[in-house]
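Shared between the two complexes below is subunit A, which pairs with subunit B and subunit C, respectively.
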Partner chain A sequence: MTATMQPKSEAAEAPRRGKRTPGTGENTRPRRGPMQFGHWWWALPGIALVFAIHYVATGIGGFFAFTNWTGIGSFKITGWANFEAIFKDPTKLGALSNTLFLAFGSVLLGNIAGLVIALGLNRVLKTRYILRTLFFMPVVLSPLATAYIWKYIFDFDGPLNAFLTAIGAGDQAKPWLADPQWAIWTVLVVLVWSSTGFAMVIFMAGLAGVPVEVEEAAAIDGANLWQRFRNVTLPAIRPAVAIATTLGIVQGLRVFDPIMALTGGGPAGATETLATLVYKQAFALGNFGGGAALALVLAAIILIFAVLQQRLTRSNPED
Partner chain B sequence: MFRYTKLTLLREVGLWALALLFLAPFYFLVTTALKPDNELFTTSALAPPTSPDFSNFVDVLTATGNSNVVMGLVNSAIITAGSIVGLIALGSITGYVISRSTRRWSKGAYYLFLIAIILPGQLGAVPLYMGARALGLTGSAWGLIILYTGMLLPLSIFLYANFFRGLGTDYEEAATIDGASKSQIFSKVVFPMMAPATGTVTIFAGLIVWNDFFTSLIFLGGSANQTLPVAMYYYIGSLVSQWNSIFAIVIVSMIPILALFLFAQKRFIQGFSGGLKG
Partner chain C sequence: MKSERLDMTQHRRYSGLKVGALAVPTVAALILTGCSASTGSSSSSGGSQEFSLSFATSNTIESPFQVLAENYMKSHPNVKITFNPQPNDSYDQTLRTQLQAGNASDVVVTSPGSGTGRSILPLVQAGFLEPLDDAAKQLLPEGSASTFGSDGKVYGQATEITISALVSNETAADAAGGFPADFSSLQQQCKALESSGKSLFALAGSAPPNTGLMAMSLAASRVYAEDPKWNDKRAAKETTFAGSDGWKAALEAVNTLKDAGCFQKGAAGGGFDAITKGLASGTSVSGFIPAPSWKQLQSAAGGSQFAVRPFPAEQGSGNSYVFASANYAFSINAASKNKDAAKAFLDWAAQPEQTKAFAEIDGALPVSGLDKYDFDGGAYKNVGVLIKDGKYGPLPNIQWPNSAVYDALATGVQGIITGQKSPDQVLQAMDAAWEQ
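Moving on to the complex of A and B:
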């Protein structure tokens, strides 16, 4: 789980709000000279650690994207050769399209499922908190453990095929994870399963902020269920949609653990993603330069989609 | 208007059915783990065991060497707790300073942290590993605690900074008038007030560190201090399609986090939605 790119997200929710002058950012702070509270150097250890672990390491890695370094020994600067190789290699382009498919597929399905469950659990249900806990359970499991469970379910001797045989559809039984056509769908199912609960709680929190009176008024005015959802509920939970989808896309684009444990990228690259390919190139195949170039491409894609997503779903323009 | 009607009952029943289907993987997990070896291939994958057997769990808990699960539990607990402490200490103070400072650099620092959250880790993994090895930080719990603290610090700072932005300065002003020093204000006034943010950071960081596999695999490689996911990975690596044994260790590995979640589920879910709400 990572957080969001929405700078103001907590501001509206934090308890014990103090007095705030209108306007945003800098203007709201006291004007009695700089740094009234705390010393600026208190931030130094944190900044230094983040700078070293994130920026210096990433910068060095980024530099090697333009070399033919193997991970040890000497290297030559090769310019854009690694990037040209990526866009000429069909396996790498395949991994790119798999990455996008899994990221958008899991975000779409996970958020729809999360929204439907959140709407279902919204208001008057007696057991809503028990149900919420149950639907959230997969979120706290480690991706590794989750992947092992599903690996068995999709196993040839596993429950899914046993179920298909039991309902008389035994001819549909197949080794799901080893089937080039189906393997990526099984990965998608696992990703959706483990992210639905997360989307659900974000939507439930958003729905809790929709005033009952407005919904009632709409109902009295004769709006049907769909109209009420479309015109009252949806606009009110737009911030929640923005958060849930942005997070999902950033997470989905770099998904690694479940794929490694489920299929290892196979069969024949059918479930390979950029993240698994980066790992294989850099750590297993001794092509660190190529792996770093792929990682740079992945980083660029994540940044682009994160920014786009923020722009598209931003709740109100002056934010 | 929104009363409990027959339709609501129907909705409730439907959601329960959906929940049971959604949690079916847990059914297979438990029933398979309880099957003795001979039942694994003789009974249907859908059927519960005819004679439940706990020997798989005994095997898991007595495994030694790389796949020593008890050792893994202890190491994971130490590393998770250490990282949480580091993230709260550094995250709170850094988040506080950058959100209270009116200087221009504080905004730059804020975006520095924001971008760090979405950088993919693989790019820096090899340089980071070489740096950690040069400093003698690989293979030890300390090294991993420092590493996790650094990796998750942008997230922690981000959560704290957003929390402070919504918090007025009245209490700090009052404490200043009463003659408190800057460090007293932070430790006695500000830190207790940010308990909600601290809760969110604890839950996020705890979950990520406890469940992380990739980082500990690489940075603890070959040492005796394996974390739980790595111990599980090695244990399962020695089994081929022995699903009953595999699931026994999967269950053992998920019991601590699942128990904690069920015990404090309100806090967990609040932490998730509260820290991220728009």
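Moving on to the complex of A and C:
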């Protein structure tokens, strides 16, 4: 089984290691041969833009984390004061725990749901192409627009409460997004809904690479459905799991627009995340320095979890 | 390999692609720079007879600022005004970014004080606003010079007087047996209305500006009626929010209102649409919204009459009090190249007939001649006596040092309604924000 998978993964590794495959570049480079297409300097505008937008802008933003700038006028360099304020403020620590809860909650549930759907739609079903499109739809739609639709669904006078009342559970009707206990779970539902399609596509790509023969061989050897999944399919799609969870966590940690549209961080901070706090501090409350410091903390957290997560799901320790 | 070969054939066949690949980003860059430069060039190219005006809009009704400016263009055919309306919720941020970048409009709408993103004092400190002349000084509402500028200079020209209290559907109030006169009869009426599926107040509990305005209305008779200079004392550290009995009583009254069933069902999650829907349909009697809204509501709900009312004070306290202040002002961008045209417009807008016209367009009170204003019979008849008796003061947060104090109050009141926070916690958070 491992032997079947090995050549595939090596083939996938080769270009990543940056080795030139013989015949593509070296032979043709000195002359303007038929293989030549493009010059390195063509990339310069793109490199300049990436450098200016991603690195210079981020660097300047990072610098303001050490100042008391309000967004306008002059400023003073205040050292680590903004960071001290963050770690002393209980509301900001609450936002940190909300961020982690939503990120890991949406990754876990979104990936499980995505995997189940991908397995279900992998081969057998006739309507699988339509269903795949439907499940992928939330990823394509604007998160802001769909968040407003969800907001309407969860509204006190919205369809969910109307449904509950219709089935005789009217006492369960509540303003879902303004209920301190339920608001964060309601937000989680929306995040899982929107991330499932993305995980599904990655898992389907992974599943396409699982050879039917191996599964059949395992079935002939007497493995049941769960054993085939556990011992054949899952190890084969491990790289897909790594990608889906890493991207999910990065996306989950920085998620902003659905929360802003659904609750605005409310009620009274119950769904506040680091991303919504960054926006509020920097732009709504004119504390640009504090907002920039918070954004740096968020960036560091994302980096730590992305690296950790990559280590944990590395495809094979022997590689 | 296969795809490379394909690329090559395409490349040979359509060598124009090479040019295209370079041309697309180049053209895009030109368009982008062209876009960003256009605002600046159009405002400066027309000389002194042309200027631009930025204001915030929050609904589809034509902004009173735009109507006023259009009237100016009608009476001054050689003047061209470019309008730059911005959505209200992003106006502060856009204004600050544009001023910082140097491409803001020539005339911008600002607010007095330092409590919001569009407030005059921090913008003056950053050097973004141009000092105005005597016309603006004469329009300064009494006792508000310190919120319109510093060192004897004025940087904002008040446009109208806005009352911040209650706007009520009088037709619905009459059907419910009349609007309550004091706080205890108010609680009785809340219970009566609740049992009939209605509510005395429509609250946008998920919109912090609305919960904040409600808390300030509750503080009007409990804090500012007794001590109109309370904000000065807080600034001088002679008192604190947490140490003020009046503020404590105001926030405890939020709980009283909630327990008496004064808010519509699901109020904690309500948005501003809950207020417009509730008041227009008459399922809610009143709301904590700026007074000029009465006019828009009346035009939206044909059969109902709307009016402005003070929040009922405790019985026998004689502490009825409203907030009446110039909440919006015209300012001139210090980096403007059309200052003469902008100043001419402001001088024109300061004329008594224009301030009167502006107030009428917006449904507010005129910034000049308030002492001679005829309150009887209009939407303001219930607050006329208070204004004439001087029982009014500026909206408190205008005098607060930063927007974080109001944010702490507004989100805190949301927490009181959902049971997450106690009045003491909210007041302590406001004190902490004040010291930032």
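Note that in this section the second predicted complex is superposed on the first by the 276 of 319 C-alpha atoms of A that agree within 3 Å, B and C clash if a C-alpha of one lies under 4 Å from a C-alpha of the other, contacts with A are read in each partner's own complex, and residues count from 1 in each chain.
The criterion applied here is as follows: a residue touches a chain if its C-beta (ideal position, glycine included) is under 8 Å from a C-beta of that chain, and two chains touch if they have at least 3 such contacts.
Every value quoted in this text rests on a predicted model; they were computed, and no experiment measured them.
**Q** With the two structures laid over each other on chain A, which partner does A:Leu247 touch: subunit B (first), subunit C (second), both, or neither?
**A** A:Leu247 contacts subunit B only, not subunit C.
**Q** In the superposed arrangement, does A:Trp176 touch subunit B (first), subunit C (second), both or neither?
**A** second
**Q** Would you check which partner chain A:Ala270 touches, where first means subunit B only, second means subunit C only, and both and neither mean what they say?
**A** The answer is second: A:Ala270 touches subunit C but not subunit B.
**Q** Report for A:Asn68: first if it touches subunit B alone, second if subunit C alone, otherwise both or neither.
**A** Neither partner.
**Q** Contact-wise, after the overlay, does A:Asp157 reach subunit B, subunit C, both or neither (first, second, both, neither)?
**A** Once the two structures are laid over each other on A, A:Asp157 reaches both partners.
**Q** Could you say whether A:Trp42 touches subunit B, subunit C, both of them, or neither, answering first, second, both or neither?
**A** Both subunit B and subunit C are touched by A:Trp42.
**Q** Based on the superposed arrangement, let me know which partner A:Leu285 touches: subunit B (first), subunit C (second), both, or neither?
**A** Only subunit C is touched by A:Leu285; subunit B is not.
**Q** Could you figure out whether subunit B or subunit C reaches more residues of subunit A?
**A** Per-residue touch count on subunit A favours B.
**Q** Using the superposition on chain A as set up above, list the residues of subunit A that contact both subunit B and subunit C.
**A** 34-35, 37, 42, 45-46, 71, 155, 157, 283
**Q** In their shared complex, at which residues does subunit A touch subunit C?
**A** It comes out as residues 24, 34-35, 37, 42, 45-46, 70-74, 154-157, 174-180, 263-264, 266-270, 280, 283-287.
**Q** Residue numbers of subunit B touching subunit A in their complex, please.
**A** Residue positions touching the partner: 1-4, 8, 11-12, 14-16, 18-19, 22-26, 28-29, 32, 41, 44-46, 90-91, 93-94, 96-98, 100-103, 106-107, 109-110, 112-128, 131, 147, 149-151, 153-155, 157-159, 162-163, 165-173, 176, 182, 185-186, 190, 193, 196-197, 204, 207-208, 210-214, 218, 229, 232-233, 236, 241, 243, 246-247, 250, 253-254, 257-258, 261-262, 265, 268-269, 272-278.
**Q** Under the definition above, what is the set of subunit A residues touching subunit B in their complex?
**A** 1-20, 26, 29-30, 34-40, 42-43, 45-47, 49-58, 60-62, 64-65, 71, 117, 120-121, 123-127, 131-145, 148-150, 152-153, 155, 157-159, 161-163, 166, 193, 196, 198, 201-202, 204-206, 212, 215-216, 219-220, 238-240, 242-243, 247, 250, 254, 256-257, 275, 278-279, 282-283, 288, 291-292, 295-296, 298-299, 302-303, 306, 315
**Q** What residues of subunit C sit close enough to touch subunit A in their complex?
**A** Residue list for subunit C touching subunit A: 4, 7-8, 11, 21-22, 25, 29, 92-93, 96, 99-100, 117, 122-123, 125-128, 205-206, 208, 265-270, 402-404, 407, 411-412, 414-415, 417-421, 436.
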